[in-house]
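In C-alpha cells below, several structures.
What follows is chain A paired twice: with chain B in the first complex and chain C in the second.
Here is the complex of A and B:
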C-alpha cells in the first residue's frame, strides 16, 4: 500500500518538478554568488552571521538553508501534504481508492507517511545540493563566520569552524528546520482532507508562514506576546549554532510548539476523514 | 461600461467587507497602542521611528507600515483577481461578452473599477488611521527620529507640523499604491487565465511572497533591484519622513513597477481578447 502510493506520487510531474526546483535553487545560488562577488561579506539571518562565501564552499548550505526556510521549503512541504488527499479528490479517484478493503485510517496513514517522506527528502535536498555545488565552486575549507551582533567597528568576533564540524551543525540544523516545517505540513494535510482542490490546501499551508510573518512585532505593534507561539517564526534559531559560544535557547520551546500544532492538526484531519462523506 | 461594472461591484458585499476590514485595522492598532504601549517608539521601515502617542498622525504611518507586508497586497489581489475569474465562476462571462461591446472595453472597465477599489482601500486605511489616531492622541506635530543618522552620541530627528505630516502621508500613500501595482496587474492577468477567483487571488499574493523571498536570499543581491516586490522598495516611502527627504529608491521602484504592471496588463489584454471563453 505504501509502495503503491510512492510509485503513484513519483510518477506525478509535480513531485519531480518540486525536487528539481529545490536542487536547482542551490546550484543557481552558487552560480550567482560566484558571478556577482564571492569575496564580499553576506549578512545571513537575524543574528546576523557575516560570511564571505568565496572562502569556503560550506558557506553555501548555510545561506541556502537560511533563504529557503521561510518560504520555499514551506511551499514544497505544503505541496506534498496538500496534494495527498485533495489530489485524489480533485482527480475524482478518492472514492475508488476508498472502495478497496482498507480502513480509512490506514489509507490516511499511508498518505501521511508518503507525503512526509517526500517532504523530508525535499528539505534534505537543499543543504545536500548546496554542499556539493558550494564545494565544487569554492572548495572544502574551514568556514570563518563573524558574529555581526557582537562585533563593533574596532573589534570583530570571529569563529572558525572545521569542515567536519560545519557538516555536523548542518545536519542538526536541517533536522531542526525539518521539525519546524511540521506545523505547516500538518495544517496542509488537514486542509487536504477538507477540500477537493489541492491548490486550496497548498495555499492554506503556506498561509501559516504568512500568519507568522504578519504577527511579527517588527511590523505590527503590540503582538510581541504572540511571537513565541507563531508556527514559523523561530525556525531560524539554528543560525545560533554558528556563533561562539553556540546559543540554543528557544529551540526546545519551538520543537514542543511544533508537536502541539502537529497533534492538533493531524488529530483534526484524522477525526474528520474517518467520518467524512466522500463525494468525489 | 465603467458605470455598469461599478454598479455591479457596488452591489457585491465583497468590496464592502474588504474595505470594512482594512478600515478596522488602524482602529484596532489605536486600541492596542493606546492601551498597552503608548510611549514606545515604533520603527517605520529603514529610515524613521516615531513615538506613538505624541500625535495621532503617527497612526496612519504605523497602519500602512504594518499592512503593506500582506493585508494590502491581499486586498488588491482580491479586487484584481475577482474581476474576470469571478464572472467565469458564476458562469456569466459568456453572457457578458455576448453584449455588443468589444472584449477589450469589457476588460478595461473591469480593470478601472478594480483599480478604483484598490485606491479606495489605501485611502480608507489613511483616513481611518488619521481619524482614529487624532481622536485618541490629538492633532500635534510629529517628531521622527532618523534611524540612519542617529548614533549613540547624537539623536538625529526632524519635527513636522500637522499639515506637513498630512501632505507627506498622502505622498506616502500614493507611493504605496504604486508599489502594489505589479501585484494588482499580476492578479488581474491570472484572473483572465483561470475560472477560479481563489487561484487568481492566491497567485497575486504569491507574486509578492516569491519576490520578497528571493529579495531576502543573501547572495542574490544582483537580482533585488529588478524584483517586483522588495523590502527596500515597499518601504522607500519612509524616507519621506526625514529632513531632507531621502528618495534614493523611489524613482527606480516606480519604474520597475511600471514595467511589470505594463507587462502583466498587456499579457492580460492579449490573452483575453483571443481566449476561447467556455465559462
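Here is the complex of A and C:
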C-alpha cells in the first residue's frame, strides 16, 4: 500500500514543482548573492548573525534555511500534508481506496507516512542544494560569523567555524527545523481528512503559520504571553548555534510543544477519519 | 446426517436507517439479494439508493439496522469487500497517471497478478489510450476504465451506482452488456439507475425506493404484471374498453394515453384479440405486462417521481 501511495504522489506535477522550486531557490539565492556583491554583509535572524557570504559557500545554507523556514517550508509541508487525503477525495478515488478490505487506520497511516517522507525530503532539499550551490560559487572555507548583538562599533565579536562543524550544526538545525514544521504538517493533515478540497487544507496550514507570526512578541509585545505556545515562532532558535558560546535554551520547550500539537491534531484526524462517512 | 447449511444471502439489509445532517436518508429499509440475482435499485433522486450502496461498501456508517455482505457485517474495511467490485458516483482515478498504471495500482492493492491486469486492460477497451494520462480521457472512456476496475478480480458481487449517468447510447449499451456478462459468469449484481428501461432489460429483480423507504420489490416480471396484464393500442380505445369490460376473467380496464390496459387473473390474450376483432376493432399494438416505468410511477406517484427531495449525497 505504501508503494502504491508513493507511485500516486511522486510524479504528481505538484510534487515535482515543489521539489524543483525548493532546489532552484538555493541556486537563485546563490546567484543573487554573487550578482549583488558577495562582499555585502547579510543579517540573519534575530541575533543577528552578520555574514559575508563571499567568504565561504557554507554561508548559503545558513541563509537559505533562515529565509525559508518561516514561510516557504511551511507552505511545502502544508501542500504535502494537505493534499494527502483531500487530494484523493478530490480525484474521486478515495471511495475506491476505502471500499476495500483495508482498515481506515491503516489507510490513514499510509497517507501520513508518505506525506511525511515527501515533507522531510522537501525540508532537507533546501540545505543540501544550498551547500552544493554555495560551495560551487564561493568555495569550501571556514565560516566567519559576527555576532551583531554583542558587537559594538569599535569591538566585533567574531566566531570562526570549521566546514565540518558548520555541516554538523546544519544537520542538527535541519532536524530541528523539520521537527518545527510538524505542527503545521499535522494541522494540514487534519484538515485534509475534513475537506474534499485540497486547497482548503493547504491554506489552513499556511494560515496557522501566519497566525503564529501574528502572535509574535516582536510585532505585538502585548500578547507576548502567547508567544511560547505558537506553533512556528521558535523554529529559528537553531541560529543560536552560531553564537559563541552556543545557546540552546528554548529549543527543548519548542520540541515538546511540537509533540503536543502533533498528538492533538493527528489524534483528532484519526478519531474523525475512522468514523467519517465517505459521501464523495 | 447434517444438512449443508444454507449459504447466506449476498446482501442482507434489515431495518436499515441512516440519518444524514438531520434528514432520514434511509428509513427502515429491508432488502435481500440472493446469489445470482441482478437487482435494479430504482427511485427518484434522494430516495437513498446511493447512500444504501455506500453503506454496503463500508463507506458510510448506518445509524441503525443490520447490514451484511456474504453473511458478514458490512463495515469499513470488512474482509468481504475483497469479493465486491464497485463503480459508485462515477469513476475516480489518479489524473496524472495512465489508465494502465491506475489499473496496475488497483491490481497491486488487491494482490492480483499481471494476467488479471491484462484482462482488465482488455476489458477497458481503450486501445492505445490506455497509456495516456487519465486526465485526457473523455467521460465515456473514464466510465470504461471505472467498469474495468470494478470487474477486477472477477468479483462475486458487483455494486454499481448510476453506472450510465451522462453516457451516450453506445456506452450505455456497453455497460448493459458488461452487467449481463458478469451475471452470466455467475456474479450477483446490484445497481441503481434512473433509467427504468435499463432495469427492465437487464435485471431479474427490481427494488423501488422512495424517501429512504422501500415501496416495491420483486421479480421484474411480477412488478410489470407480465402474466395478468395486457396493453392494447387501437384507434377506438373507449369502444375497446367497453368490449373488454364485458369479458370474463378481466377485473379492471383502464384507458390511458390512447391505450387500453386490461388486468385479470385469468386473462387469455388470444381470446381478447379474437373478441376485439369480432367487434370490428383493429388492434395496432399489443403488449403483455406494463412497462416498468408505469409500474414505477404507480408505486412512487407521478409527482414524487418528478420532484423528490435533493439527493442526500452532496454533488461534486
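Heads up, the rule we're going with is that the second predicted complex is superposed on the first by the 279 of 280 C-alpha atoms of A that agree within 3 Å, B and C clash if a C-alpha of one lies under 4 Å from a C-alpha of the other, contacts with A are read in each partner's own complex, and residues count from 1 in each chain.
By our rule, a residue touches a chain if its C-beta (ideal position, glycine included) is under 8 Å from a C-beta of that chain, and two chains touch if they have at least 3 such contacts.
Just so we're clear, the structure is a prediction, and the values are computed from it rather than from any experiment.
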Superposition on chain A - do chain B and chain C clash or fit: fit
Chain B versus chain C as contact partner of A:200, first or second or both or neither: first
First, second, both or neither for A:129, with chain B first and chain C second: neither
Chain A as apex of chain B and chain C, Cα-centre angle in degrees (nearest 10): 90
Touching partner for A:43 - first (chain B), second (chain C), both, neither: first
First (chain B), second (chain C), both or neither touched by A:101: second
Touching partner for A:70 - first (chain B), second (chain C), both, neither: first
Least C-alpha distance (whole Å) that remains between chain C and chain B when both complexes are overlaid: 13
Intersection of chain A interface sets (partners chain B, chain C): none
Chain B partner contacts - residues on chain A that touch it in the complex: 29, 32-33, 35-36, 42-44, 51, 53, 63, 66-67, 70-72, 197, 199-200, 203, 206, 210, 213-214, 218-222
Chain C - residues contacting chain A, complex: 20, 51, 54, 57-61, 76-82, 84, 86, 88-97, 101, 105-106, 108-110, 149, 312-314, 316
Interface residues, chain B side, partner chain A - complex: 29, 32-33, 36-37, 40, 42-43, 52, 62, 65-66, 69-71, 196, 198-199, 202, 206, 209-210, 212-213, 216-223
Touching residues on chain A, where the partner in the complex is chain C: 1, 3-4, 7-8, 11-13, 91-104, 106, 274-275, 277-280
